[in-house]
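Order of writing sets the chain letters: A, B, C and D. Residues in each chain are counted from 1.
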Amino acid sequence: MKSGEINIRVRYAETDQMGVVYYANYFVWFEAGRTEYFRQLGMPYNEFERNDIFLPVTRAFAHFKVPARYDEMVRVVTDVTSIQEVRIAFKYEIFRENELLVRGETEHAFVSKNGKPVVLKKQNPFLWRRLLEAAGENVE
Amino acid sequence: MKSGEINIRVRYAETDQMGVVYYANYFVWFEAGRTEYFRQLGMPYNEFERNDIFLPVTRAFAHFKVPARYDEMVRVVTDVTSIQEVRIAFKYEIFRENELLVRGETEHAFVSKNGKPVVLKKQNPFLWRRLLEAAGENVE
Amino acid sequence: MKSGEINIRVRYAETDQMGVVYYANYFVWFEAGRTEYFRQLGMPYNEFERNDIFLPVTRAFAHFKVPARYDEMVRVVTDVTSIQEVRIAFKYEIFRENELLVRGETEHAFVSKNGKPVVLKKQNPFLWRRLLEAAGENVE
Amino acid sequence: MKSGEINIRVRYAETDQMGVVYYANYFVWFEAGRTEYFRQLGMPYNEFERNDIFLPVTRAFAHFKVPARYDEMVRVVTDVTSIQEVRIAFKYEIFRENELLVRGETEHAFVSKNGKPVVLKKQNPFLWRRLLEAAGENVE
């Protein structure tokens, strides 16, 4: 499947006294990109939680190249990079027009509401197959 | 009972490009003040939720007089101003040393997890009496 | 002029453990509404700051009627309610489809970068007239 | 020098609908740890900015092992891991009592207000020497 894409207008709240976007907010935008990726895949993240599957972040990384500023429109491009029995990984690129500002990665565990690891293939074969199809050749 | 008090060190994340604390963050500090008030009262807010009593904010107000800045230490002073069968209200004052920066108020409903109003006096007479004692003459 | 309008998708980051949007975040959405209002007026807020006019919030109020939830799309409708020589006021309504979730108000001072009050009519007659025209009969 | 240490009380605002702290907030706590580290070193970060030296984050990483929850007290332990002519790196460990919840790293560039790289050794030999002494044998 192709990348998930979402446009985000930078909020004043997201800037800091350096006059640019505060670094932790890019991770929030990654999440917005992820949410949109799942929606465009036809399986909104809410469906996971309704099926008692949660995807807490276990690792996150970002490389900040160029800062975004208040009122700019940025574009978050999201892809799945790996699907395993108990985890999934994404990568993100944030652009302002054609300029790459930030790239990043997150890794997520599949867990139930109480935090126990879930084997997605067993717990929900439908979601599992749907994810595999979506991620195509990127799957490990 | 006397006021709840808590000291808060201003984070870089809380500033915006104007070089001062972004206005919505003072409401977060109000919440930190409220949490501390309940703890100092001997009934941590967590206990409410464990008893299926939630206190969502129904109204909030703030008057911003002087801005706080990065790395300053501010003090949030919290008091209950009103307790009714289905709601409670607080006021807050935020100081930097002896200078009043912000004052505000919040009103909260007593509700259950599913959002239905709860009559605290019936649902949990212990918490109800404890709150009444705490608020003293301020109770309506 | 007609109201400013903007659609906002609720982020996971904006929820709290009550399962709904944390109250301070509605004030961030007010700001997004305000930014959009100025843009639709043809005078982006950035222009104010480039002309050394800043609009810090001096008072804010919100009435929270119905909570918004993760991944919902809400609509922020913004209007100017008052323009005076040294301040301006806005009101906001946040809807989910046709249901009113939150309404609120903010008041802002006109100040220079160093925080000194600015008489907008003198400092920038163009912006002043433009605002007056925009606000129409609402002006006091 | 020994590690910087700071205690942080988890705010309700920092939780999400999973009932735990939202991942991006740990990066805010890293910043609070960093601020404290500089203060304990005797050179508050504010001094850098007053000398036109800014430390924007260029890379950030975190490994989330165990989630923190509302009202818990956590401890952020911060160390410098590397100092180079134009950048500096930190590592962080976040504990709840003796349990390691999160560990992470950030890398920062030395830049001037306008974003241009700064050679700290030339721009401010005092801060440079102070940092080198502080980081001791960790310096590359």
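In this text, contacts are C-beta pairs under 8 Å (C-beta built on N, C-alpha and C of every residue); 3 or more make two chains touch, one makes a residue touch a chain.
Quick caveat: nothing in here was measured; it's all calculated off a predicted structure.
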Per Cα centroids, the chain farthest from chain D: C
Classification of the chain A:chain D interface as same or different, half of numbers criterion: same
Inter-centroid spacing, chain D versus chain B (mean Cα positions, whole Å): 29
Chain B and chain C, separation of their C-alpha mean positions in angstrom: 25
Residue list for chain B, restricted to those that touch at least two other chains: 12-13, 18, 20, 24, 28, 31, 70
Chain B-facing residues of chain D, complex: 9, 11-13, 28, 31-32, 35, 39, 44-46, 70-71
Touching residues on chain B, where the partner in the complex is chain A: 12-13, 15-20, 22, 24, 70
Footprint of chain D on chain A - complex, ascending: 18, 20, 23-25, 27-28, 31, 54, 56-65, 67, 115
